[in-house]
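Look at the two complexes coming up: subunit A is in both, with subunit B in one and subunit C in the other.
For the complex of A and B:
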């Protein structure tokens, strides 16, 4: 039985994890994809489907954390053009 | 004087902050919020009682407008609830994340779940920004 607050906590945890990527593109993608993913399933009513989606997202969170650690070993050498402030 | 009596109440901000607010008051820019455009002493009193600077509230409102894609002339006050502006709980999570990034703070789970209005968000931010340099 997954509650609303658990789902929101998971969303927050994923967003926080994604923020730690040193790469601009991975950060942005993670943010976009998690929000899209949660929004896509936000109107589910069947509790078993909700639990399924929650379990899937939890597994993805584990993958995400591992991926962040790995990508942090190889940070980009230059700043991404999108991160450079407009002069 | 009214402002002195409010400082003697158990308001948690240290005296240095209030003196900063007092100094700020003289060069106060008028903001779109009705209650902050009044005379200096009145706006100071209101600032102290609201426990959040008007510029923080303004920054929060800007982020909210951007996240919820509101038009520039949507009426937005400090007491606006996010749900009234058309945000669902996921939007609120996104807004809190954006605020964390903007102000470089970290909001706890329990705090994040209780934010419903712009004023609450601004108060929490002020609180965290104050605690941060001390840590």
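For the complex of A and C:
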């Protein structure tokens, strides 16, 4: 049985992890995909489906944290145009 | 002069070193900003750009999705055995991993895993398909049908076959880029060995009527080969529905690694072909050589991901394409979309800007990584053969720009691309005497230019 607070904290964990990417495109994609992914399953009522979706997202969090660590070892040497002009 | 040198050395000494990803606060004027960028800007080929350009060239290649990267790392580090070693755990592990990837690729296209042959890319797959099939049936089948807008590797393989004595028909396309089905039907002869038509064109993005073409080929019992490198993972592909005999696939177009691809070879009814790579008989004898395990796993993971994300990506990319096209059309006139707008993959937008010189447009768009109609296919300044086949005028073909939108493109990037393109085109048009004449109502095509 997965509670609402567990789902929310998983979403927060994924967003927090995604923010660590040094790469502009990956950062933005992770934020968008995570929020859209959780929103798509927002109205699930069947508890087994909710558990399934939760387990899937948890596995993806593991992959996300690992790839954030890996990608942070190779940051881009110069900033992306989108980040430069933001200032 | 001396004080200037001193201040610049002091500035350089105090500024942060390369590789530090931090926020810098720039103040006030553009002049100050220009000198501050000196330390972090990129200087290449005589051009200075202030940061890495935004990437809008998804048809050329795509960045590797981090989830795909993750799937590749484990095998590279731990499961490094040769999948064809039958005697120890390393070989068994690697073989299992390759088989899992094979199933993932097969699922994406609706095929059986036994029909997938891994290769080094879509180019090798195209070569194997075109040359392999025709060489196998060279006693009875002497004719190949293809289109004028195919990828260079297919056209070059056909030219090679022509030198060997086969006959090739290059079907023309209509102005919207689609193949004329009646022409195809008429071109098929009793000795036609292969019909090769690509599913999604890499330059203009049009989607050919695959089901109808497959139907025609089935009626006449001719193997149907398609180069689906730009199609898989982006539009729904079903080899049974399209009646496909051979299909080339590439990993690096669907957020996978470069250097791997696959060829689908139908087993029922069987398509026979002569292998290009001879050797130990791996991959059913059709492609000998050690399988590139790490790359193949990446390809499998990319296909798996593409299957799950296809709908979501399609919705996002379609929205971005509309945003791009409407954004440009709002501010500019004389913008032509090359290729059919209805039968198109939404991630590919090929635009021609009238009354603008192509090379100077590209030179001004250095902060956006896009491709143009001419540079794509040749080092010379000749306009692309695909645009010529569409019947586009020389001057419009030169100013064509191909925008490639993908999974990782953001709304802000599209807005910035619109802004930069519009700015550059307006600047060039202001300088152009031809545009002035058009504004006054003079028809350029009917001018009698005088000799001096």
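Here, the second predicted complex is superposed on the first by the 85 of 87 C-alpha atoms of A that agree within 3 Å, B and C clash if a C-alpha of one lies under 4 Å from a C-alpha of the other, contacts with A are read in each partner's own complex, and residues count from 1 in each chain.
Heads up, the rule we're going with is that contacts are C-beta pairs under 8 Å (C-beta built on N, C-alpha and C of every residue); 3 or more make two chains touch, one makes a residue touch a chain.
Just so it is clear, the model here is predicted, and its values are computed rather than measured.
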item: Partner chain in contact with A:74 - subunit B first, subunit C second, else both or neither; value: neither
item: First, second, both or neither for A:15, with subunit B first and subunit C second; value: first
item: Which of subunit B and subunit C A:42 touches, first, second, both or neither; value: first
item: Partner chain(s) touched by A:5 [first = subunit B, second = subunit C, both, neither]; value: first
item: Partner chain in contact with A:82 - subunit B first, subunit C second, else both or neither; value: second
item: Which partner, subunit B or subunit C, touches more subunit A residues; value: C
item: Subunit B versus subunit C as contact partner of A:29, first or second or both or neither; value: second
item: Complex interface listing, subunit C residues touching subunit A; value: 18-19, 21, 23-26, 37, 40-42, 49-55, 63, 66-67, 69-70, 73, 312, 367, 407-410, 412-413, 416
item: Residues of subunit A touching subunit B in the complex; value: 4-5, 8-9, 11-12, 15-16, 19, 35, 38-39, 42
item: Residues of subunit B defined as touching subunit A within the complex; value: 88-90, 93-94, 96-97, 101, 109, 112-113
item: Contact footprint of subunit C on subunit A as seen in their complex; value: 22, 25-26, 28-29, 32-33, 36, 60, 63-64, 66-68, 70-71, 75-85, 87
